[in-house]
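Common to both upcoming complexes is subunit A, partnered first by subunit B, then by subunit C.
What follows is the complex of A and B.
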């Protein structure tokens, strides 16, 4: 039915199968849409946030998807600015994942605020001292850059590409993509950093507060660094999951291994910086405010914020994946590689969780207790929504756009002509078991 | 920058006098049109500009002692007006007024991002999780000088700034430039039956608040009175609400200390 839209030379599942798949994921998405409507109509009382937990699951989701979407800017930076040419085989997917992540972040911000119709005040009445102002400006600009980066891929759809104007537009946009990659890297550096600055500047919250350089707390740099390290890991993780889902190899190992190696070394650097930051914070910053390290990790209900969380973040989800990714053996072992990128992604998620929720949970007034929070179903549904939306976007893009340049080479749907001719004893006799002429309608 | 004749309104709360009766909370709610709901059991969802905490020295009987601590907005000055909440607000919906030292909140500009709530260590900022609804007829008793707030915005104690505006208007009508100390008093100050709350200009040596705490201007406003303290002094919030207590454990409960810095923290 939709064969005319499917790229040439690749095989896709039957249309009915695709529709069922989109329908199931779409149902999950609609559950999230229903929850959004409830939030819009009834207000933020639909959440389990309270006056102690003004930031909760949604802000965590925002910070996390933006960090994981960092694969787009960093892969673009490596491909176009540093000149790592092999990465051209995965840049499309990195951009797509980044686009999904950033559009999700904007969506979440759209219903996370108490007065969504006034959200534009952040631009109109901008406070230059606020980290959120910087985030809003850079995030919006960078989303524009991501749209520009995604557009040439969308224009490469078989039917759209037939229109000369779109064909040339796509070609010319590819030519100048380095400009947008550089712009994206610049904008990302600042908004990833500013998101780190959100807890870092809160001098009333000793768990989040950090000293720094000029107006930027150390968390500014740590967030940018972790996004540059964890973002590409997320790109690799999603690529591997996609390959499992479609039962095909889509990107060659050397491309994945190169990105994994760079991520690994970025992760090593990040871990060194993070450990130094944690040590300085525990030894000097927090004590100057009257807190010991264990004040932040002990005596909380159910040890939800026990010291285990710091060990998990730095050790299990930081140092361990970094060590795997920087070794040749680790990268070449499929299971080890998958485990490493998964752990690195979890490490970023955990870091954003503590820098949003634990900051607020830790009691600062001596006569207050740890704040507790469990998200409501509306918060969970609206947080799952972007995941469903992402799956739909990936499914549509994979089906109708040439996202993976190496897919045809890695998954030939017919035997190469020269090879077939060599094997034929009689040119007139059709080869037994040979695949029929590739036809998009059969896809 | 602070002008030569600028004021710095602040509060001194004598914890030796406070009985914990809650009159300040009631007066504040009535004066400032603070909304309430039928079920107010979850205090983390309530709006309460003035909140009275109960502190204990956690010692067994007969050494048990208690203390009630009223907590309005601390109207932090931070460094040069960069109070924890003001500097983070992305839409400039909250402001530090250098002429009065009051941290204001512009309800019609706030879009409810709640960053200020996260930044405030005193939990003085509260969110309107619901639309304000009053029982039938009660809306007629609302204070016309204070705007009611809508769902989805943050609000907090304003040091009854509308009373300051009224006092200034009155002085202007009478041909005066300055107002007297007793012309501008907050609702909680006037409602306290024990006289535990004192309000005035911390820049004016004639005002009671100044004489009670003797703020050291050169030292970030720290009190020279050894019985006076501010909550979370070590964070550098530079608050304008001072507390007085003759009890050491109460004063120490106002801040966090390492074990090596003296006795253990009080719960």
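What follows is the complex of A and C.
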């Protein structure tokens, strides 16, 4: 039914199967939409946020998808600015994942602000002393950059590409994509950092407070670094999951291994900085505020925030994946590579959880207890919504757009015998296994 | 957001914050405008298809 829209030379599942798939995921998405409507109609009393938790599950989800979407800016930076040409085979997917992550972040903010009709106040009446103002500026601008980066791929749809104007537009946009990629890298550096700067400047919350350089606490740089390290790992993870789902190889191993190697070394650098930061904070910063390290991890109900969380974040989800990713053997072993990128992604998620939730849970006054929080179903539904939305976006893009330039080469379709015989006399027929045309974003 | 807004002050904070914002918006706007105009010109000239 929709075969005219599917890219040439690739095979996709039947339309009925695709519709059922979209319907099932769409139902989950509608559950989230229902929860959003409840929040809009009834207000923030639909959440379990309270005076202790002004930031909760939504802000964690926000920070996490922004960090994981960092694969787009960092891969773009490597491809267009540093000149790692092999990454052209995965940049489309990195951009798509970044687009999904950032649109999800803006969606979450849309209902978290409580008064979405006044969202423009942050631009018009900007508080230039607030890190969150800088985040709002860069987040929206960078989403614009991601739209610009995604547009040439969308224009490469088989039918849209037949329109000369769109064909030329796609080509021209790709010609100056380096300018957009550089702007994206500039914007990402600052908003990833400013998100980290928020807990870092809260001197009334010694768990998050850090010293730093000029106006920037060390968490500013750690957040940017972790996004640059964890973002590409998320891109690899989603690529591997997609390959499993469609039962096809979509990207060659050398491309994945290159990205994994760079991520691994970024993760090593991040871990060194993180360990030094943690040691200095535990040995000097926290004691200067009247706390010991174990004050932040002991005596909390059910040991939800026990010392295990620090060991998991730095050791299991930090040092371990970094060691796997920097070794040639680790990258070449499929299971080890999958485990490493999964752990690295979990490490970023855990770091954001700690810097959003644990900061608020730790008692800071002598008469206070650990603040507890369990998200309401409305919060959970609205947080699952972006996942369903992401799956739908990936499914649609994969079906109708040439997201993976190497797919045709890696999965050649056997032409029917009659068709092959007809094509044989034609000298223009490309030989089997020839390099396929990459999409404009990849060329 | 604009110098004609009543709360605008010509200080470093406003210049850095809004300078960065307008810098990014300008690059995106100019870049996109250039691509659209060039695409329109290329289409009018009837340029051939590209092999990317």
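Going forward, the second predicted complex is superposed on the first by the 414 of 443 C-alpha atoms of A that agree within 3 Å, B and C clash if a C-alpha of one lies under 4 Å from a C-alpha of the other, contacts with A are read in each partner's own complex, and residues count from 1 in each chain.
By our rule, a residue touches a chain if its C-beta (ideal position, glycine included) is under 8 Å from a C-beta of that chain, and two chains touch if they have at least 3 such contacts.
Predicted, not measured: the structure shown is a model, and the values here were computed from it.
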| item | value |
| --- | --- |
| Which superposed partner A:131 touches (first subunit B, second subunit C, both, neither) | first |
| Subunit A residues touched by each partner, larger count belonging to subunit B or subunit C | B |
| Touched partner set for A:288, first subunit B, second subunit C, both or neither | first |
| Touching partner for A:359 - first (subunit B), second (subunit C), both, neither | first |
| Which superposed partner A:203 touches (first subunit B, second subunit C, both, neither) | first |
| First, second, both or neither for A:51, with subunit B first and subunit C second | first |
| Which superposed partner A:398 touches (first subunit B, second subunit C, both, neither) | neither |
| Touched partner set for A:121, first subunit B, second subunit C, both or neither | first |
| Subunit B versus subunit C as contact partner of A:367, first or second or both or neither | first |
| First (subunit B), second (subunit C), both or neither touched by A:141 | second |
| On subunit A, the residue positions that both subunit B and subunit C contact, one per complex | 124-126, 129, 133 |
| Subunit A - residues contacting subunit B, complex | 43-45, 49-55, 112-116, 118-119, 121-122, 124-127, 129-133, 136, 198, 201-206, 287-292, 295, 359-360, 364-368, 371 |
| Residues of subunit B touching subunit A in the complex | 42, 44-46, 53, 55, 69, 78, 82, 84, 87-93, 109-115, 117-123, 125-131, 150-154, 231-232, 234-237, 253-259, 261, 265-267 |
| Partner subunit C, residues of subunit A touching it in the complex | 123-126, 128-129, 133-134, 137-138, 141, 144-145, 148, 164-169, 171-176, 179-180, 183, 186-187, 190, 437-440, 442-443 |
| Interfacial residue positions of subunit C with respect to subunit A in the complex | 1, 5, 7, 11, 13-14, 16-18, 20-21, 24-25, 27-28, 31-32, 34-36, 38-40, 42-43, 46-47, 49-52 |
